[in-house]
Amino acid sequence: MTLSETYHQIRQRSETICSKLQTEDYVVQPIVDVSPPKWHLGHTTWFFETFILKPYVTGYQEYNPEYNYVFNSYYETVGARVIRTDRGNLSRPTVLEVYRYRAYVDEAMMNFLCHETSPEIKELLILGFNHEEQHQELLYYDIKYILGHNPLFPAYDHAYHSPAHEKSPTANFIPIPEGVYEIGFSGQGFCFDNELNRHKVYLNAYEISPNLVTNGEYLKFIEDGGYHDFRYWHSEGLDWVKNNHIECPLYWHRVDEQWQHYTYRGLEPVKLDEPLCHISYYEAYAYASWKGLRLPTEFEWEAASNKFNWGLRWEWTESAYLPYPGFAKAPGAIGEYNGKFMVNQKVLRGGSEVTPPGHSRATYRNFFHPNLRWLFSGIRLAR
Amino acid sequence: MTLSETYHQIRQRSETICSKLQTEDYVVQPIVDVSPPKWHLGHTTWFFETFILKPYVTGYQEYNPEYNYVFNSYYETVGARVIRTDRGNLSRPTVLEVYRYRAYVDEAMMNFLCHETSPEIKELLILGFNHEEQHQELLYYDIKYILGHNPLFPAYDHAYHSPAHEKSPTANFIPIPEGVYEIGFSGQGFCFDNELNRHKVYLNAYEISPNLVTNGEYLKFIEDGGYHDFRYWHSEGLDWVKNNHIECPLYWHRVDEQWQHYTYRGLEPVKLDEPLCHISYYEAYAYASWKGLRLPTEFEWEAASNKFNWGLRWEWTESAYLPYPGFAKAPGAIGEYNGKFMVNQKVLRGGSEVTPPGHSRATYRNFFHPNLRWLFSGIRLAR
Amino acid sequence: MTLSETYHQIRQRSETICSKLQTEDYVVQPIVDVSPPKWHLGHTTWFFETFILKPYVTGYQEYNPEYNYVFNSYYETVGARVIRTDRGNLSRPTVLEVYRYRAYVDEAMMNFLCHETSPEIKELLILGFNHEEQHQELLYYDIKYILGHNPLFPAYDHAYHSPAHEKSPTANFIPIPEGVYEIGFSGQGFCFDNELNRHKVYLNAYEISPNLVTNGEYLKFIEDGGYHDFRYWHSEGLDWVKNNHIECPLYWHRVDEQWQHYTYRGLEPVKLDEPLCHISYYEAYAYASWKGLRLPTEFEWEAASNKFNWGLRWEWTESAYLPYPGFAKAPGAIGEYNGKFMVNQKVLRGGSEVTPPGHSRATYRNFFHPNLRWLFSGIRLAR
Amino acid sequence: MTLSETYHQIRQRSETICSKLQTEDYVVQPIVDVSPPKWHLGHTTWFFETFILKPYVTGYQEYNPEYNYVFNSYYETVGARVIRTDRGNLSRPTVLEVYRYRAYVDEAMMNFLCHETSPEIKELLILGFNHEEQHQELLYYDIKYILGHNPLFPAYDHAYHSPAHEKSPTANFIPIPEGVYEIGFSGQGFCFDNELNRHKVYLNAYEISPNLVTNGEYLKFIEDGGYHDFRYWHSEGLDWVKNNHIECPLYWHRVDEQWQHYTYRGLEPVKLDEPLCHISYYEAYAYASWKGLRLPTEFEWEAASNKFNWGLRWEWTESAYLPYPGFAKAPGAIGEYNGKFMVNQKVLRGGSEVTPPGHSRATYRNFFHPNLRWLFSGIRLAR
């Protein structure tokens, strides 16, 4: 595919995701971690305008200088911005206006992509593609949160179809021998800076489950009083459980003696054999402790990743999100991409049913704070 | 006018106010005191459905039982409700759906109003009319806040026209002699329960200004460092100023060495001879102290109210919002209307340019917490 | 008594109140409203040093200039101060050092009081006496809070003896006829500025109880579910109950199926016929609503005050704390005494068992925020 | 030394540290991380009473059952406890009473230690010794905070003498070759469970500084505007700087154009060649970024630890506090010691001038949240 075809396809996909929304759904921000869908559409557009069109297209006429302020996310290098908690207070620009902004930038980009580009620009473009794909996944999370926390529990798409999840033929844990393993990205394609450099780690012998923990398995933890037994929890995890009155995964509701959960199709009974979803790291850790097992590190996960299927859930690992040896930030605004988040977050590996096709890989390092649950997070056990 | 004509006219007016909004403007709630416009449209409709149609119309089919939860404001008698801070998190019901709800209830109401009604129901209807008019004024406040806090400062209506404000021919304060005055509503028309009972108060001799404080007069207070001089402030007022970095009235901005303020037409230079607007009680008190004067009590205001014009601003009084002698709450949900707010609030008298025609009167007691500014509040001095 | 005798007696009384404390009890500040006893001892001393010795005694050598910062309470006129929440973080100056400071200032004051003083200084002295007496009452409140919230529930004084409370021979409410009454202080003795000016108010006919509400009567309200029935509460009061999980008066504990409360003698069973104590205005209002009655206004209270005994409890009134007609602040720091608190507080009338002898009077206006309970507050009903 | 001699010596040392305090200094808790010194004295005593005397000494008479509630720190296994923020609200038990409690438990312990003990009990005893030594270090931190945040800046000990700090003869970074290194405790003596198990890690080649960063070097960072340049900070670190108005290390004050800092001797000028102290991880990271360098990981630190001196500062590492391979919690309350804190904290290596002699070692893993500064923390750079 040409760059211009890829650009078109990725940009189109963001709009397709939103095509099932009502105008009002584009606007709200029920919690700070969720952004209004129209903000995602504007921000990804701002990214191309700011980092490609304005520096590299002579005579490019900026669409609206005030959008810099509205759609900048966290790039301190490029100036002031609406603070994150205020995104849901902005009724303007309207959804229609944001789509007009997208069309304007897309036209300029398509013109630009008719011409040959330098390797440097190509690299920026591919970063922009991957950036928009990351926001596509966030769009799915945020839409689910917005609709799933509405008292009317409206469906996003009655025909939404979750991918099949095949269990491994055996439940036996996979043994991995002690030794030095190579970790991190190598090869030709794209990767984020946090996956570099490929380096050696020494791993003790360990075993890792071929399967994800299911709803039914987690239900046993709930029924055993797991949420109320301090022995399984980090001290901070227990505070989080108590302060937020946590009793079950996000989106679960006890209705008429039955466990239901909100899905993109609306409220449905929880299926016991489906992989567990929407739990925090604290819960993942507590569940593993209750089982007498543990979570894998991100290195253990990566070293074994060719031995099991993955891609259905982002799997919490025991690893903190830290730089790899030799990690170096790019200069300028692009260098703000990953490094500045490398404290107090946990690494997740895998992928999810709402990860754009081909976006994840075995070396991909996703990361979130340990209390967050609106991502499609699950558990794989190790020992 | 018949009840049915009045109903139609009042209901129509709410929709006319909103007719200049974009769909997105109906949805957001930038601060807890502001409600999304679509919530006002739904809540006033819920009021008629809950207190008229459901109890008095045989066979009435409720539009959607879940709307009880969404559109109840604070009536504990009628069940659970969305907590106030969450109103801006609800993208559903959509604006269109809310208008459908209005149409459905309006049709049922118009049918109902074809028939003779009992005095009791008539009283409820008139309360419903006045309730919707109160929300019309709040709609104006909330729309101004939503658009006036958007970084794009969009106009609500480029043709919006503020009423003329004629200064009194003289600036001389009006002297009112000492004596017993009658305060509170009497007569035939509608009044709220908090205006009853009419009763005697003893007033010392006092003088009251025939004019409202202007922007230009208030600017002198700002330029004299009034916001930074503790001598003029209540202790709580000073804390409020410091914690919120208050330097000027709400909606004022210092742009290029000039004072501008957001109006329904967008940003405009502050006109010095216009009556001051959008200040808190704390500021009103501090301004009066700085002038060596004071605010009138609500009784002083009412006793002199036939001697000056009013209706341009809600004028902060020195009086706390308290029950009149013999005040009694109505039984049931309607009794929750006023009494339960009678603590920690200040009375304002007058009216404003966005008060529905004929809605206010000399005995009308408006009330807000002393820190609030998004209402159309102003200052009249006394001594 | 000479001024010097009065000075000595009042200063001595503060130290006598503290004589039953351990050193550690002087230091802590469990909530913002409570000040460490050593702070009270220092602050009242600072008052005499700052307003008498430094301005009027030639050659007076300030004890320690840094004490200005430590012991100033809220006088913005006299400079920076330790913020209120930090008082309990200060281990120095030590208790011994504070007593040394008192001795130093007392010696200078006694020398000063040997000489004739001007009327102006005499007025300041008497304000200082009354100021220290107010802090003596606060000392009693704060000591009770400090010891009564310690898990060991230590006694302050095993021999502490509450004054007898004689019930009125009749429970009949006292009728007061409609008319104009004079309110406020007049005469020769001392009063605070907030009691001036004496002025006329018009009162409707009313009736007021000769007795305070007892523990036993209030217990019926509790047992009737009064804390959980929104109909009796202000909206803010209900929020306060819910957010703070209030179920009974301050210091009450349900121990082995019995109601106990902390007293200066330690934990004791609640005596049903004693006057209720340590309730907030919100509770007082809710109790009155539950009884189908109301609280008196401060004017009703004062106009009837010669018809019943009082002085056992500070009795919540329905009145907000507002300036009397013609109220004027004194110039300078002394003018900060009362006026700047006249917003969002409620007036209490009466006195309490820990009010210094002769300190209160029928025109005395005590005031606190409506949520506070550590004062000796009670309820007298009216209708 | 016999166990009984060691017990006596360690217990005595805690009291010696406190011997320079005034009674009042034992009581206060200016921030949640600081505990009142008397609480440390009681809590370490409670540890021996709860884990040795009560389970193993027949007929032991508990000193006061309520002390369980007062002096339990975080052991959920052994019941309810005073919440951490309330420790500074407790004036009782008094300091004298706490010393009596110590004497009572010490006598029982000395009697117990006359007899032979099982290996299991010996292990508990040694844990108790190390536990008390950890609290001795915290005592030093907390005393410094309590006195160093008092506006009078009282000295703890005018004769306090900081240990000499010899600079390495060369400033050249020490090169460490790539390879597999063994990390973690092995051998005979005591270690905490978090130092086990000894395991292999693979390290890339790196270089580590032989010296700690000095005050003078850090001052250049301040003067270069380092605190205001987002490029050097984590996103969370920058928020921390802004929200807390951080401009310099803890205890530093700009007085008359000169940098002073609070020491145990009182306020003193900052010495430029002394090792920097009292900085957060966020600041350590930002300083390293500004230098174009980085912090070592805890593995890099340990692998090189025989090549430089250490023990003057706890040195922030880049490593998150996580379990070593094969980490297992002990059963029961003792198992709560370390594991439950293994989230959102950073590892520090080294020691400090207030670490008890012999308490630290090359494998010792100290850990704190990244925002904390009241510990004796410093910076060693790597690349």
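Just so it is clear, A, B, C and D label the chains in written order, and each chain counts residues from 1 on its own.
In this section, a contact is a pair of C-beta atoms (placed from the backbone, for glycine too) under 8 Å apart; a residue touches a chain by one contact, two chains touch by 3 or more.
Note that the structure is predicted; figures quoted are calculated from it, not measured.
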item: Least hop count linking chain A to chain C through chains in contact; value: 2
item: Most distant chain from chain A, judged by the mean position of its C-alpha atoms; value: C
item: Intercentroid distance (Cα basis), chain C paired with chain B, Å; value: 37
item: Centre-of-Cα separation between chain D and chain B, whole angstrom; value: 57
item: Whole-Å gap separating chain C and chain D, where each centre is the average of the chain's CA atoms; value: 45
item: Where chain C touches two or more other chains, by residue; value: none
item: Which pairs of chains touch, using the document's own definition; value: A-B, A-D, B-C, C-D
item: Footprint of chain A on chain D - complex, ascending; value: 74, 76-77, 180, 199-202, 204, 206, 230-231, 233-238, 281-282, 285, 294, 318-320, 322-323, 325-326, 340-344, 346, 370
item: Chain A to chain B touching residues, read off their complex; value: 22-30, 38, 66, 69-70, 82, 86, 88-95, 146-147, 149-152, 154
